[in-house]
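Please find the structures below.
Two complexes, one shared chain (subunit A), two partners (subunit B, subunit C).
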Partner chain A sequence: MPDLVWFVIRRLLATVLVMLALSLAVYLIFYALPADPARLGCGKPCTPDRLEQARHFMQLDQSTMQQYLQFLKGIVAGRTFGEGAAAVQCNAPCFGYSFPLARPVTTLILSRLPITASIAIGAAVLWLIAGVSLGLGAALRRGRLFDRFAVGFALVGVASPSFLVGLLAILVFGFWLNMVPVNGYVPLTDSPVDWAWHLVLPWVVLAALNAASYIRLTRAQMLEELNLDHITTARAKGAGEGRVVLLHGLRGVLVPIVTIFGLDLGGLLGGAILTEKVFSMQGLGELLISSVGQLDVAVVVGVTLFSAFLVILANLVVDVLHGVLDPRVGHA
Partner chain B sequence: MPEPRKTPSETPVLEVHDLHVTFRTEGGLVPAVDGIDFAVAPGQTLAIVGESGSGKSVSSAAVMGLLPSNADVKGEVLLDGRELTKLTAEELRKVRGNEVALVFQDALSALNPYYSVGWQVAEAYRLHHDVSKKEANARAVRMLDLVGIPSAAQRARAYPHEFSGGMRQRVVIAMALVNDPKVLIADEPTTALDVTVQAQIIQLLEDVQTEFGTALVLISHDLGVVAEVADDVLVMYAGRAAEQGSVKDIFYRAAHPYSLGLLGAMPRVDVPPKHRLTTIPGSPPSPGSIETGCPFQPRCAYTERVGERCITERPLLTPRPGEGNHEAACHLGRRPEIAQEVARTGIQENAAPEGAPLQQSAAQESAPLEHSAAKAEGPLQPSAEESAL
Partner chain C sequence: MKRTTRAFAVAAALALAVTACNANDKSATPGGGGTAAAEQGGTFHILTTSKELSLDPAKSQSLGISAIHLVLRGLTSWKTSPDKAAEIVPDLATDTGQVSADGKTWTYKLKPGLKYADGSPIVAADIKYGVERSFAPELSGGLGYHKSLLVGGDKYAGPYKGGELASIETPDDSTVVFKLNKPFGDWPWIVSMPAFAPVPKKADTDPAHYGEKPAASGPYQVKSYSPGSKLELERNPSWDKASDPARTGLPDAVVYDMGLQADVINQRLIADAGDDKFAATTGTSVPAALIPTVTGNPAVKARVATSPSGALEYLAMNNKRPALSNPAVRKAIEYAVDKQAVQVAEGGPEFGGEIATTLITPGMDGYTKYDLYQAPPNGDPEKAKQLLAAAGVSNLSLVLAADNAPTGLSVAQAIQQGLKKAGITVTIKPYDSDALTEVQTGPKGDYDLTVSSWLPDFPSAIGNIQPLFASSEIGNGGYNMSRYSNPAVDAAINAATGESDRAKAATAWGAIDQQIMKDAPLVPLIYARNAFLHGSKVQNFYLPPYPPYPNTLIVGLSK
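And now, the complex of A and B:
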């Protein structure tokens, strides 16, 4: 396994470089916006004097490049805005400070992450199980009713907007049938049952929509796999149909499924914007949207970089799993 | 190493009677095998030869019950007198890989890329024996060692892509033999291999056959291999038997123009290369497209001599002179007529006059090609050349 260790180390170093380049790009883009975050912090009435004061306090009076270097320094050493009694401390790793919310961005992200993670991971597990089993069933009953149902379901899932399905689900299961709570989040540590109960609806809605691509992928890959010679070998050895399908067929489909699963989950962990909005969950996506509305650039930059980092991390995990799952893939 | 289970005998272990295989497709019914019979006894080798699409592989898949669900199989497949086509799925599963095993043409695609070769051989054993994983693994390593994989215990943990072509085919053979099957069906086992490696694999098959007394059904279009290892030969054309008999019947007393055509298309080292290889004009008909008359008739050089019968009447297998059950499905009754024709095509060495003594037995040893060279090596060991790959 030393190959794998070196591979991970190399990739992590590359990740640092990518994140640096990305953070610079994000920084330049968002701070080039014709918006002035200082205006929000200057209070009323906003005289030019007070605006200048606020700008200085937020360190926005420096050049963009200087601000970026301050941002990088903050990640390693933390930052202090202002002086004396009014000073605002942002401890390392400091990914910026939200003056409207009066909190470091790192704290904000960490407080929102459990909610988004709860939604994303629960939904992902559901859609993985549902998508793969429906796709598998469709492949095995190709051309028959079950296959048509599964493929049709996949088509509807791909085509449906999540806000519409989410609202319909709230209307039907929440209000009409009164089966599940329609909004709110209970931390897992408070009550696992309430936690799951409040998340059922977003899980099911997200899973139903995302399962589509897994149904199609599993079905297509499985049909291809079942035509391969080594499947005939397995039958000729005397393997039963269940063993042939699961141990010899599905095994080959694992790699592409793990690939898109990792990328989907990585993307979703950065914020399930529409789902969080529809179900009134205070997750990362909700944080991002409200920050954009308030021109809270520090938070927008922080969440964007964090989401990007999750995607890059997901890619790394997927690549490592490739090597573990497919003996033909080397990490040298 | 187990004792030979049976000495070669003449009681067939596998008998196929009047086998028909028809595929139901969107374009209608497509017959692939149209009534063939064969039998093979323990320790004996039956070669099934013919061009691509003649129904060789479909016949073997039908024996194993491995055809897709759109295939209709009719006829009898008897293994030690047991009718295989009437078994339930579970009964058939217990036969597959246990009593009848298959060796495939392309070992790379026949092996599962995601599992180690040791696991795959052990799996074949565990499917038919109630043993622990450890015992199965030990058995797998012994089999890999037996088929000539160097440092088998270590190599058992390697994956198929980490082996050379010849070594992979040895793995497939180990997997087929792990349950000591009564019948081994090898479907073009050497086609995907280099010539020198081909010889080693054929040698290996012969050695394990001697060792275990396995009945071997060898599907091949390599007549050099067939001449060397087969006891009996079935020549298939368009899903039917064109000719069948002992290997000497086919090679020295071929009675069907198609068999002669195949022999004429084989390169030989004992004939001065003054002639181009003869070819059979045209290509095989799609099975079932010729409903009346002889399926070989459009490509046959002797149709004029026989006349209308070739077009109007389907030739049935009729006895021909030879060692035993030599039969050919051809209206051309008398051999000398063919012999004259053969004389012109430059393969007269094959065409001994009827009843002539088999002076070719010596020639046969040296004739088919390079395989004899490999025989000089140690019994089951691969050459250094192959091991190095």
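And now, the complex of A and C:
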């Protein structure tokens, strides 16, 4: 598939350009803020001399453009802050160093990713299954009670803010019924059971809310699909209704579903901010929010780029899958 | 000195503060918790919002009662009691310091037989090296009062590239001599700070990560550290209780449960289940929203420790602005402010704090109760109107730079409403807390009024006065937000700073307090209380008037 290979290469090159533009934008926005990140590292009392020293150490005394170039250089060659035995090393690929958290940004992102990934992937699997099966059921029983229920559920789900549902779920299932833990994350490697047990509530909450759009999409798409010529042809050839729906109908439905699923999952992997906040999970979203509060530019740039990369990657995967699901889509 | 904000995430990350149960809580009922005796043993859990805890003494801004001092001892240490400010006691040193006649040389002798966890001896050179490394820009961020006081400190860049600091002498293994560039009477407090903990040079092989497992001189040493989730301390076998007047070392282990939401911490401590019975918070105050829950349940209320006093919350009036450069206008505002409404916005008298009229806070040496601008708690707008009329001022319109957090805005609105009754129009300009600090302490001073609060870093009135009123602290990152400049006050501050006789110093600071208030540079609002929850098995947990944080060094657990 030389076409596909070229397509992927072209897209990856475009990705690099998008990331460059994005990182520059984040840098410029942050340096326009009327606050000085060096102040947090200056000590007390923060005399002008000591502040200048802290700025120099954190390389904040250079122009915004110079700092941005240093950032780019760090990705290739790594960075050293300060000099001598006490210098802080950030090895290549260095996407910046967080002084408040005393860790390279890449280390921070990698340490938080398993948490966000656990939330996102678990929830995504749930809402994909629930959304598609409910939507399918609704389409096949159009106008009946099941359809009404599924569409009504979808409406409520789309309209509900996740923090509200999350907090209600914590109150009901955590505090009142005391069925599940209300917060915290246990690594999968520590105990798979505890891991899943702590994640049940966020999974269900996220899935319930996200499944809504999948129900509506699946239902609408399926209804449209069942009216198309190839379905009529399949029926005319004597195919059973199950075969018609699952093999011929669902295939058409999957194209838009895969599209939004890829984007939703990509977006969520970059940080499920509200969900992480509500359930006290220290994922990427939580890292991003607390870094904004602490003017930790390095982490903000790093997480933003990483999230953007995931979304772009998801787009790419979706486009490749389109070709597989629907041979009419070319990649030229 | 510590500028307190309600932004606990940042504050808690900077200060490894402590938690405690309240011996001062007048409403605490016997049997409601906090009456059983603390025993040897158990694991004390500290619940914190912090995601990063560094025990590097050079980088620490922790107060003398904070958990970093469970691992690190200083030359001196803090001894607390429920009803008065902390006192200074000798720690590694045999006394709180011998000062020369000119007040510029301080000499300390180490106690005999002191050892690190690995059994090696603690020597004077380790104190010297610990202080020296705090000068390295790579390790900046800690309490650095010593940096401008030690001779040559302004030019010194740390031991990694600057050699030794000649103004710290170690004539033998048990003697440390500090040479200051001016007399400084509170030096014994300075040497209680984290940077004065001993650091053996041979243990400082990776300075950037020294704080993850520092050489332990206190009752505990680091067992494990996982950033973002947990810091575990275990006993230091070499610690000799007889040599330590500040620490009781009761629990067998101390564990930091890190990275928790403030709400979660309070809810867990209210629930008091399982291991949380042995847990407390040392930095997350009970928020206004939870006060009804807490006061509604006597058993929970008995487990809240509140401080009798705390940071001074004040309304700064920018003396450099034309409208406020006239002292008569500022005095009118002194009368007009509705301090009671501010108090309500902060959680009421019991949790918010008492109404303030002085600059030095209760419990500090030098505090005398006085009120130059006597008015009812909700202000005296009529008197304010008369003063404004007499000064020929009408239609006064002022801009108030405020913190856009909920409490910050409520306080700003309380002030706005109060001044409105006196015919003064206040426009509130909200800022994020970091941006607000920049506006308040930056060179431009683009505001008329602003609300802030201030807690000294050690219990001396110098910490109440100097940072907020010395001319040197205006617009360069310093906290003189009133931009108040009075050469007579500057001279008096310098004189009191050099006084090493504590009683004389206290009298001097008390006089400066009243001298400043006669110029009405700011309006004292409340002495802000802290309120911290603790589990039912946590003992010796109380909040002194200063510091308004629990003393972790003495907390014990009951069975």
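Keep this in mind: the second predicted complex is superposed on the first by the 332 of 332 C-alpha atoms of A that agree within 3 Å, B and C clash if a C-alpha of one lies under 4 Å from a C-alpha of the other, contacts with A are read in each partner's own complex, and residues count from 1 in each chain.
Keep this in mind: contacts are C-beta pairs under 8 Å (C-beta built on N, C-alpha and C of every residue); 3 or more make two chains touch, one makes a residue touch a chain.
What you see is a predicted model; the values in this text were computed from it and never measured.
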item: Superposed partners subunit B and subunit C on subunit A - clash or fit; value: fit
item: Touching partner for A:Gly240 - first (subunit B), second (subunit C), both, neither; value: first
item: Contacts of A:Ala86 with subunit B and subunit C, given as first, second, both or neither; value: second
item: Touched partner set for A:Leu295, first subunit B, second subunit C, both or neither; value: second
item: Arrangement angle, subunit B at one end, subunit C at the other, subunit A at the vertex (C-alpha, nearest 10°); value: 160
item: Subunit B versus subunit C as contact partner of A:Arg328, first or second or both or neither; value: first
item: Which partner reaches more residues of subunit A (counting touched residues only), subunit B or subunit C; value: C
item: Partner chain in contact with A:Arg39 - subunit B first, subunit C second, else both or neither; value: second
item: Partner chain in contact with A:Gln66 - subunit B first, subunit C second, else both or neither; value: neither
item: First (subunit B), second (subunit C), both or neither touched by A:Ser280; value: second
item: Touched partner set for A:His230, first subunit B, second subunit C, both or neither; value: first
item: Distance in angstrom between the closest Cα atoms of subunit C and subunit B, superposition on A; value: 49
item: Where subunit A meets both subunit C and subunit B, residue numbers; value: none
item: Residues on subunit C engaged by subunit A in the complex (per definition of touch); value: 1-2, 7, 9-10, 13, 51-52, 54, 61, 133, 136-145, 147-148, 154, 158, 160-161, 207-209, 227-229, 259-261, 264, 432, 434-435, 437-439, 457, 467, 476-478
item: Interface residues, subunit B side, partner subunit A - complex; value: 64, 66, 89-90, 93-98, 101-102, 104, 106, 109-116, 123-124, 127-128, 159, 161, 172, 175
item: Subunit A residues within the subunit C interface of the complex; value: 33-36, 39-51, 53-54, 56-57, 81-89, 100-103, 111, 182-183, 277, 280, 282, 290, 293-295
item: Residues on subunit A engaged by subunit B in the complex (per definition of touch); value: 228-230, 232-241, 248, 251-252, 325-328
